[in-house]
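The two complexes that follow have chain A in common; it is paired with chain B in the first and with chain C in the second.
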Partner chain A sequence: MNELQFLSWVRGPALQISATLFLIGIMWRLIEIYSLRYHPNFAEPRRVPGASGWHTLYRRFFPPEGMFEASPITYIGGYIFHIGLAIIIFLFDPHLGLIKEFIGISWNALPSPIIDFVTVVTLVAMVTVLANRLKCPVKRFLSGGQEYFSWVVTFLPVLTGYLAANHLLFSYTTTLALHILSAELLLISIPFSNLLHIFTVWPSRWFNGAVNGQRGVPV
Partner chain B sequence: MSAGLERAIHVLKEVIDTPIASYLNSCVHCGLCAEACLFHTETGNPRYAPIYKLEPLRRVYRQEYTLVGRISRALGLSKPITDDDLAQWQELVYDTCTMCGRCSLVCPMGIDLVYMIRRLREGMAIAGHAPQGVIEATKRTIATGSPMGVRLPALKVQIAHIQLETGLDVPLDKVGAEYMLVLSSMEIINFPEFMVSIAKIMLRAGKTWTLCSEAFEATNSGVQIGVSDIARLIVSRIVQGAEKLKVKTVISPECGHAFTALRWEGPNLIGRPYTFKVQHILEVLDEFCSQGLLKLKPPEKDRYTFHDPCQIVRMGGVLEPQRNLIKLLVADYVPMPNTGKYNWCCGGGGGVSANEDTKELRLIAFKRKKTQLEATKSKRLITACANCRVNLEEGIEYYRMDTTLFSLTELVADNLLN
Partner chain C sequence: MINLAERFLDAGISRRAFLQYCAQLAALMALPPSAGRAFAEALITAPRPSVIWLSFQECTGCTEAITRSHSPTIENLIFSHISLDYHHTLQAAAGDSAEIARSEAMQRQRGKYLIVVDGAVPLKDGGIYSTIAGVSNYDLLRETAKDAAAIIAVGSCAAFGGLPKANPNPTGAVAISDLIQDKPVINLPGCPPIPVVMTGVLAHYLAFGTSPALDRLSRPKAFYGETLHDRCYRRPFYDQGKFAKSFDDLAARQGWCLFELGCKGPVTSNSCATIKWNDSTSFPISSGHGCLGCSEPNFWDAGGFYRALSLPADPLENTTASAITGTIAGISVAVANRLVQNTAILEHQPVIVTDLEKSGG
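So, the complex of A and B:
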């Protein structure tokens, strides 16, 4: 298989397979989780403004009192790389082409130099949070293969995307094919790793906010 | 597999629900929960990270409720839980968790860790992996009605004593009273002034109240140890007592866990809403003051600070009444750093203070409270939980701090205008 054939394969069959596995995997996992069981709550609720699942959904974007000082790198690094990933995925012209192909809608992209800059910042932030994970005793203790695997599969598409867009390291065709392949690996990994938090974080925040909101505590 | 382990796995399978599944799938091990846990911040031991304490629950969830987990178990790729694992986790689930809920407040993913610890204790306790002190307290509660073994005759002696010394009426089994007060054994034996305060306050507010001879104990060691059947039995005594005496409101005393057990867990334990209202004493006092039923002396000029008991505030939802009362009582009130729902635990909740193995650790954990107290430059500390009070007293004495403790209810009673 030469590099063009490789590119055609990753763009064609491999993309279809990974997208299908992603969709089936996500549906399976979400049904597995959200159809389990709910315990009823008979306690008379206490109504307090700001105390609800919906409020918590929003409030947990921000560090609670004293927490930023306790772990600034977690917050700063976390904000930067999550926002960076969102910008790269949803505001880079070639990605928008792909999105249009899949769901038929599109919107304005950011200029490539800006995406380039965001990519570098995202890569630096990701390396920083990894270094912090390795250095901080409690994070290192809590981290297993799962955490490092998730980091690698998230980091690779960003790195290879940057290399492809800037024609670095290998030929453009090869780096582009590697980029698409790494993105496919990421897609397949999401349902079966802790990257599933992309989907579960919202109901989790809601459940926590709702149960504490019922007690009248805005959490 | 031992019978105990089998029972534990069965119970854990029962308690795992959708929120727990959602929480366990949301963790990215960012470690922020550890920064909110005083056992971790004061010792630096990473094993005390709250999410790590939940590892047995996570493993049971994964192996029983996920396809990938079931496949890995069938292929022998994942290790089943053993009795030894549960024995090792006893320290993490009981000795180093006061169920203060601070970790649940800070998790950016919204994971309610304390909810899961409470559920995990169900499995741990049924397998016999609970601290001896808490087991004994629970046994005493089943046998005598009180974790400290306080029986009705002892309560009657205290009542007679109060009536003789103060001339105040402490009604027992008065049908149709508006309020029924329940007490923690600690308040009956160690702090009887609390009952005196209530008698004074009720008299002044013109309200009828009563104690119930069949249900005077407020605390629920069934909730602390994590056995719902026992917790249900204990809460049912109060429900039956309140319904028999036809009271409108049951007052939970200055005890944090008693309040959450009765107010928030109780209806779910008995499987129906109550026919009466449950209020914490601070809510009742705030109502009386705002309705003008209690008139207080002008505020004191000394500097005071307040320790928010976790179960009453963060876990119980009593956020403002204590502040309203303090404003009326104290002119120079300095809140601690991280006050209200952000407050740090005293280090003795969740059955930890009933557990002799934790004494050394409790004193280390107390350093967080010491730092908070020192920041206020106040020598007068008010609180509203008998268990916090005992634990705070222990820490204050050990570190030779020049701090005097006050009960908020007693402070209100002592400052009533004649």
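So, the complex of A and C:
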């Protein structure tokens, strides 16, 4: 298999396989999670039912008092790489072509040099939060294989994308193929790892907030 | 044997023009300035080499390209002053006379002649899908290559199998390098290759007796060392994220990047963007069409010509079926979870303080 055949394979059969596994997995997991039955909670909500959930959605954008000082890298690095990922995925023109292919709509892209800059910042932020996770005893204790796996499958598409766009390390054909392949690995991983938080983060915040609202936590 | 210098004088080529050509050739092939002098010295004394041009499963586009290039320039002169002893399209002889000319050239310059091949070689069913004078392409290649100095595989069909090898490859076509391992094979892919690339490599061989530096696909690095995308005049628009959305829209006419229209320039190594065609007049991207990637192996089967590289090679299939399958799986797991919960509820036995006291004994 030469490199163009490799690229054709990742753009063809491999993408079909990964998209199929992703769709099956995501439908399965979301239905499974949101069909779980919970014990009825008879406690009165603090004020309006569910309002605490909406407030928590907003409130958790900000660190609780004292936490930022205790762990600034977690908050700063976390924000940077999440926003960076969103910019790279949703504002880089070749990605927009893919999005249009899937959902039929598109919007304006950012110039490539800006995406390049954001990518470097994102990579640095991700390496920093990983180093912080390894260095801090508590975070290291709380981290299992899945945390590191999620970091790797998220980091690889960003790294290979940067290499491909800037023609580094290997030929563009090979790095583009590796980039697409790593994105496919990420796609397959999403339903079956803690990366599922891409879909569940907002409902989870709301749910936790709403439950807390029935336990006396002020809205 | 008359040498090239005498040929040049006969044709009215001045010493200055000849030296300029040598310098240009050296520059074109990314050789140091001293190579221009080496070219000149070697070419002056070079005898006319015998070249046997074999055409197999091909469309004659490569011959069309080389014969219509830059005419009349010094490159063409060099080409016309090699001893082209066998070429179906260009030779006057036919039938037995043509085959005798080939045999004589092979005997006269045994071990020194060059073979230029355009076209792939069919192997399926004994190679019957392409024969010349009743001889299969494979047998003709094997016989002719036996005493050759080197083989230049011209065009993507000879270099990589090209269109004949495209899926489902009904004739079992293969590239020259798949069949010849004991002779140097220089690949000059393209559909067709750039004429000056063909003449440049021939001149290099004449001058130095060796092929120029080759990459891992046996292509001269001087011509195939960079991608079209790297040297494309539309590249700044790619960097700015400015893309033509359809052929001949305002963006396309303003020179914006053709990536979204399926241009394969980023994955294609060739010199089209720098050397160009028709006396450096133009190349496909200049005329508003994306690169097809014709000098890359298996370019026919590398996804649609008009689908961007960042898109799936084919539209996604089975998405609805996948979503339905996932939904069924999710519902099944949900029902199973409920059954477990229901069973647990049914089997639940309340424990009161007295029970604990009893068990504590």
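Basically, the second predicted complex is superposed on the first by the 210 of 219 C-alpha atoms of A that agree within 3 Å, B and C clash if a C-alpha of one lies under 4 Å from a C-alpha of the other, contacts with A are read in each partner's own complex, and residues count from 1 in each chain.
Everything below uses one rule, namely that a contact is a pair of C-beta atoms (placed from the backbone, for glycine too) under 8 Å apart; a residue touches a chain by one contact, two chains touch by 3 or more.
These numbers were taken from a predicted model, which means no experiment stands behind them.
With chain A as the common reference, chain B sits beside chain C without any clash.
Of the two partner chains placed by superposition, chain B and chain C are both touched by A:Arg37.
For the combined arrangement built by superposing the two complexes, chain A sits at the apex of an angle of 170 degrees to chain B and chain C, based on C-alpha centres and given in steps of 10.
Contacts of A:Asp93 after superposition: chain C is touched, whereas chain B is not reached. When the shared chain is aligned, chain C comes close enough to touch A:Gln16, but chain B does not. The partner of chain A that touches more of its residues, comparing chain B with chain C, is B.
In the superposition on chain A, A:Val120 makes contact with neither chain B nor chain C. Judged by the touch definition given at the top, the superposed model places A:Val201 against chain B, while chain C stays out of reach. In the superposition on chain A, A:Trp28 makes contact with both chain B and chain C. Legend: residue contacts after superposition of the two complexes on their common chain; A:Leu134 is shown touching neither chain B nor chain C.
In the superposition on chain A, contact is made by A:Gly209 with chain B only, not with chain C.
Nowhere in the superposition do the C-alpha atoms of chain B and chain C come closer than 5 Å. Comparing which residues of chain A touch chain B with which touch chain C, the overlap comprises 28-29, 32, 35-37. Of all the residues in chain C, the ones that touch chain A in their complex are 217, 227, 229-230, 238-241, 243, 259-260, 266-267, 269, 293, 296-299, 301-303, 308-319, 322-323, 325-327, 329-331, 333-334, 337-338, 341.
The touching residues of chain A, counted against chain B in their complex, run 28-29, 32-44, 46, 48, 51, 56-57, 60-61, 63-67, 70-71, 74, 78, 136-144, 147, 150, 192, 194, 196-197, 200-201, 203-209, 211-212, 215-219. Chain contact summary for the complex, chain B toward chain A: residues 16-19, 21-23, 25-32, 34-36, 40, 44, 46-47, 49, 51-52, 65-68, 104-112, 115, 263-268, 270-274, 277, 313-317, 319, 337-338, 341-342.
Residue ranges of chain A in contact with chain C, taken from their complex: 2, 4-5, 7-8, 11-12, 15-16, 19-20, 23-32, 35-37, 92-95, 97-98, 101-102, 109-113, 115, 167, 171-173, 176.
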